[in-house]
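These are the structures in question, set out in turn.
Two complexes are shown next, each including chain A; its partner changes from chain B in the first to chain C in the second.
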Partner chain A sequence: MSEAQSALRGTWHKGLVTVAEAGLQGMITLRGQTGEAGFADAVKQATGLDLPDTRTIVAADKRAIAWMSPDEWLLMCPYEDAHDMVAGLRAALAGRHHLVENVSDARAMFTLDGDDATLREVLAKLAPVDLHPERFGPGEMRRTRFAQVPGAFWLTAPGAARVVCFRSVAQYMYDLLCVASSEGSAVGYFKP
Partner chain B sequence: MSTRLATGGRLVNRAQKMNFTFNGERLSGHAGDTLASALLANGKMMVGRSFKYHRPRGVVASGAEEPNALVNLGTGNRLEPNQRATTTELFEGLAATSQNHWPSLEFDIGAVNTYFSRFLPAGFYYKMFMYPRAFWKHVYEPFIRQSAGLGRAPEAHSRDEDTYEHFYAYIDVLVIGGGIAGLQAALAAGRAGAQVLLIEQTAHWGGRTPVDGGEVDGKPAAEFVEAALAELRGMKNVALRTRMMGAGVYDHGYVLAYERMSDHAPGTPGPRHRLWRLRCKQIVTATGAIERPLCFAGNDVPGVLLASALRDYAVNYGVSIGDRTVVVTNNDDAYRTAISMKEMGLEVPAIIDARAGGGGALAQQARDLGIRVETGKGIAKVKGTRRVEGVAICAQAGEGAVLDEIKCDAVAMSGGWSPVVHLWSHCGGKLDWDDAQSMFRPRASAPPTGATGEAFVIPAGSANGHLGLGDVLADADAAGRAAAQAVGATPPKTAAPQGAGPDEAPIEPVWLMPQGVDIKLRMKAWLDFQNDVKVSDVQLAAREGFESVEHAKRYTTLGMATDQGKLSNINGLAILSDALGQPIPQTGTTTFRPPYTPISMGAIAGEARGKVFQPIRRTPIQDWHEAQGAYFEPVGHWRRPYCYPQGGESHAQAVEREITQTRNSLGLLDASTLGKLVVKGPDAARFLDMLYTNMMSTLKPGRCRYGLMCSENGFLMDDGVVARIDDETFLCHTTTGGAERIHAHMEEWLQTEWWDWQVYVANVTEQYAQIGVVGPNARKVLEKLGGMDLSRETLPFMAWADGTLAGIGVRVFRISFSGELSYEIAVDASYGRALWDKLLAAGEEFGVMPYGTEALHVMRAEKGFIMIGDETDGTVIPQDLGLHWAISKKKDDFIGKRAQERSHMTDPDRWQLVGLETLDGGVLPDGAYAVAEGTNANGQRNMQGRVTSTYYSPTLKRGIAMGLVRHGPDRMGEVLEFPGTDGTTHKARIVEPVFFDKDGEKQNV
Partner chain C sequence: MLILECPCCGVRGEETEFHGGGEAHIKRSGPGSSDEAFHDYLFAKENPRGVHFERWRHVYGCGKWFHAARCTQTLEVFGTYSAQTTEPPQDIKDKISARRPGWTWREFA
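Entry: the complex of A and B
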């Protein structure tokens, strides 16, 4: 297992907020018909998680499931478990039209930690998302873009965010987040 | 001469001196000065020269509307041309130089143009430079390029030292303008609980009110400003920001705002500018009004200023333009300047009021102060060239006969006020002409509207045509309430503050002074100070038929300077209307376009510079490539190794070594960038039958098939190997550049045409690192890693299998793009580097040779394999490339099938793929054309083919090429001529496109 390397191998930087590559993370793309009887139960049986509402993410234990589109979800689990989780999901959904693919290695994940208002500002410099504390909180999920690349993010707690992007642009994303959190660039817009 | 007064200057801190230079001269000002006020305090009346006639130009305004005082600001990596001195806050060490003069500001050769101004009228360029034709390129254009432009561009080697960024915010109510109207609108919306952002372009709140005075609820207006600010700062739902300009209003409440964080303190850590990208539910434009100049002869002489600016310099900065100021006006407001000057102990020799009836309460106050007030009079001419020495007075109603001459140092002019309607108008807000106030103002019934037809911009205060303090506050309060209501908030029942000022007599429009002035003086009456457009130019344009205001603008260049006509447009279109004999509203205005004033390129680029200029995609093996010193080529946003030069090798030598060693023993290719799309579902096979020209539904699980994909118009758009994973699942490989495009293509057909087919597509390109293991020793090296049976029998050509190699889970595809025994090994990307390293170690005994894209290209060309983008260019169909074998004849339909049956597509004269062998063994130039006999209708040589790929083949030790040639496959052995661009002609023989191992024996072992 030690042979597996995440895109940036845990690089981190402390600026206005601390930006760190989160290392290997299991991720699975799931597509299927949420309206189909038994679909949600089958997913729950395989993952232990309920399907999240629109634009939200639910987490339990070391797993999480995020809404990606009306027929797509992103499942997260420990990297080592991803292949088994894929097999389990495929078995649970056998006979239904679905797609389950391991995308753990296709992505990079970052953690952002710091003061909540500042962290929101760092994100708002790059992503066209309303990050006002009254309108975006933990539990919500956004698929969006960060400057010139697609990305997604959510808050795990006040002052703590996760950012996901494609693995090939991990360095670009890391550099972006570092630039956006460079000293002296606080906006002072989101009042605590 | 202008100077600093002993007292006064509410914005400057006299205790804090700041040193700066202007044209190298050491000067000093105070903290709180603008560059303009500091220059004036140092007696620098003349600050630049005009664009066309190089006439002396002085500061004319005190804010964003300034057309004249443009400087080169900063030096080296911080040099910026065309910076307005009036909006540049002074800082310690500021260095500015004046523009558009040679050799010096005081003595300028170009000023000779002014003596030829009779010969440089409007449209001069258009008339003069038409003929003779040949002169344009060699005489006129070089001359114009030499003389055009104001400031200097930074040196090519300089690099902006500052950083910039963007910021996205979503707002209920954006209030643009921090004057008294903006403050009141923000209060009204903020008290209602709406989320408000109030922005002000200068560093100070209150706008003109602290200078112009008046009372609010019985107290001085300045106190109201402070109280409003205190209340707003206490509201959690209100954010206030200064040095932030509303730059543009766009559809759906999108606003660009330009924040200048460190222009006043260069070198401060953090970004210099921030471009705010705002989504606003409601926008209140409290952008104020701009005073208009009057058009009289010599109104461009340094020392002639807007009346309000003269007052601003005195009250805000304690700077006087001269000891004796003559005020000339058509309205009451300018009397405030006269009163201010007098109160500061300066002389006002006369107020020239063009109105026969004169002014109201302020006029009386001026008379009471002992100021001579002349009514029904105008200025015939300003005396002086480099600065004002006096004015000649005449009757406004006459032709300019001089009645009196008055000595003075400054002239304060006011032609009335124009509401700043720019932001209202950017997104379609309409205007009405207000005859009584002589101004264009927003038409309340025609605001910019959003997706559901709702208004999203509300003008407030003087930006809405309300000039009196009482009206401004009432209007702004209503605007703030309306904005709050529109976003669902409920304003409390509080009364608007009561503003009070002196009663003012109505303005009388004065577009020309005096009204019957002769042509000689009209040629000295400036409309556009920066672009040197005079009253006579606009009149000439009208006579020559430029009736549309947009045409007249472009013909005369009126309003086309960096200030975009903030001072000149209304006067100009009034003159045009008069010349055309039509009312002003019929002429209308030119279009107001964002940004309100120029914003920096840095702010527009935001963070995108240096290492985040553009995303560069990296494979899991990229670090290794870089460590080897690979030479990279861009493929989409990827950077793929082109070759890996060793020692002092040339690229060509490296490519030759890589190919030779791969053909002889073993090569490795990082193929991770190849697109990989999983297509899954009960209808997946049917779907792929439609997408590919071949039959994919008959492919067996465990097997691979090369497929072609065409557009609806039949043109070949992508190719790649399809592997069938199971009954319902296919893995489609695309070209490196095609992954996202083909994914989108699939989704489009699934979502718009075959929405009822059960198919899901996932782009798993980056899930896998993919490594090509190529060459006669490919199997041996994999067997060394161990873990799966890769024998010819178990894994034949065009098969795939899952397994492990050296303990790492892999999927092995036995496919070949080189003609060699070849495996492509897909592995979870996180293990890509580990597998690569193991292959390098295991391959050492075989002399393993990583190879780049050029070796890949050459090897495929040796085998006659096509490359999307080389053999295809969007106009090529598979039939042109001899790929009939890959086009199913059994299928009823596939995308492109019908198009390929059209007459032009089946034309036997279409150019077809062949191989080309030079007679001398050399390499054909890429893209060269084969010439035919005769010429076409345009007199050009006829063509019969072109080169699509051309390389030196180290395997065959000669140049090889592929090309498209008319009737090519039927002309084997014929020799074609390909003229080069260097005068030489290359001769090449038509041959089969497969140059090497025609029977495929090498890959089939």
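Entry: the complex of A and C
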């Protein structure tokens, strides 16, 4: 049995904020029809989580479920639980139109920690998103573009963010985040 | 800069988060149609200076297709609406009429 490794094996860098590759993270893609009667209940039964509203993420315990598109969600759980979670979801959704796939090894996740205003600035340098505190807060999920690659991010708390991207561009994403948070590059745009 | 609002997820984003999909409301002419109709379907496109209808995809976001009504001259966006329609909805046409009285585009006005 091969030993699973995350894309960058937990590499981290401390600049304006601390950027770290989050290590192994269970991620499951779920697709289905949200309007279908019983769909949300079946997901709740299998995961213990309610389907989130548009552009939001709900987290509980070590699990989270994020809205990705009108018919797609990203479910996060401990890496070693992903396989069983997929089996549970497939059983709960049997007979319905759905897709459940374990994508843990196809993705990379990064954590960003630091001062809230500085962290917003680091993200705003890379993604075309309005990151003013009144327009974007914890609990909101945003799929967007980081420089030249697709990615998604959310704030887990003020001053703490997570970024997910495809594993194939993990090094590129890490380099981007490190450059955007390099010492001396602060603009102070979101400083009160 | 072109600012579009995706009607599927509500994100108001700038152009680089989206991808243009060409002219909107094109009627397909396939097998059985005349050569002229097929030629026009493939090649004859509107190229207006002013009101234009296009298909766009929120490629870096929710991934869904939608329609946009905009002005090619000023980049003003009159509105975005569902991809599951064969003609612009009346409220979009009203918004355009308020800003560009007398506009026409193909068979729409």
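Assume the second predicted complex is superposed on the first by the 189 of 192 C-alpha atoms of A that agree within 3 Å, B and C clash if a C-alpha of one lies under 4 Å from a C-alpha of the other, contacts with A are read in each partner's own complex, and residues count from 1 in each chain.
Quick note on the criterion: a residue touches a chain if its C-beta (ideal position, glycine included) is under 8 Å from a C-beta of that chain, and two chains touch if they have at least 3 such contacts.
Owing to the predicted nature of the structure, the values given are computational and were not obtained by experimental measurement.
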In the superposed arrangement, does A:60 touch chain B (first), chain C (second), both or neither? neither
Of the two partner chains, chain B (first) and chain C (second), which one does A:99 touch, if any: first, second, both, or neither? first
Once the shared chain is lined up, is A:68 touching chain B (first), chain C (second), both, or neither of them? second
Now for A:191: first (chain B), second (chain C), both, or neither, which partner does it touch? first
The answer to whether chain B or chain C touches more of chain A is B
Thinking of the overlay built on chain A, is A:128 touched by chain B (first), by chain C (second), by both, or by neither? both
Contacts for A:143 in the overlay, against chain B (first) and chain C (second): which applies, first, second, both or neither? second
Could you pull out which residues of chain A sit against chain B in one structure and against chain C in the other? 128-130
Inside the complex, what are the residues of chain A that reach chain C? 54-55, 68-70, 72, 128-130, 142-145, 150
Per the touch rule, the chain B residues reaching chain A in their complex are 163, 165-170, 195, 236, 239, 268-271, 274, 277, 279, 606-608, 611-612, 614-620, 637-638, 678, 680-682, 758, 760, 762, 764-768, 808-809, 828-831, 833-834
Sites on chain C touched by chain A in the complex: 8-14, 16-17, 59-64
For the complex, give me every residue of chain A touching chain B. 3-7, 24, 29, 31, 79, 83, 97-99, 101-107, 121, 124-132, 135, 147-149, 166-172, 175-176, 179-180, 182-187, 189, 191
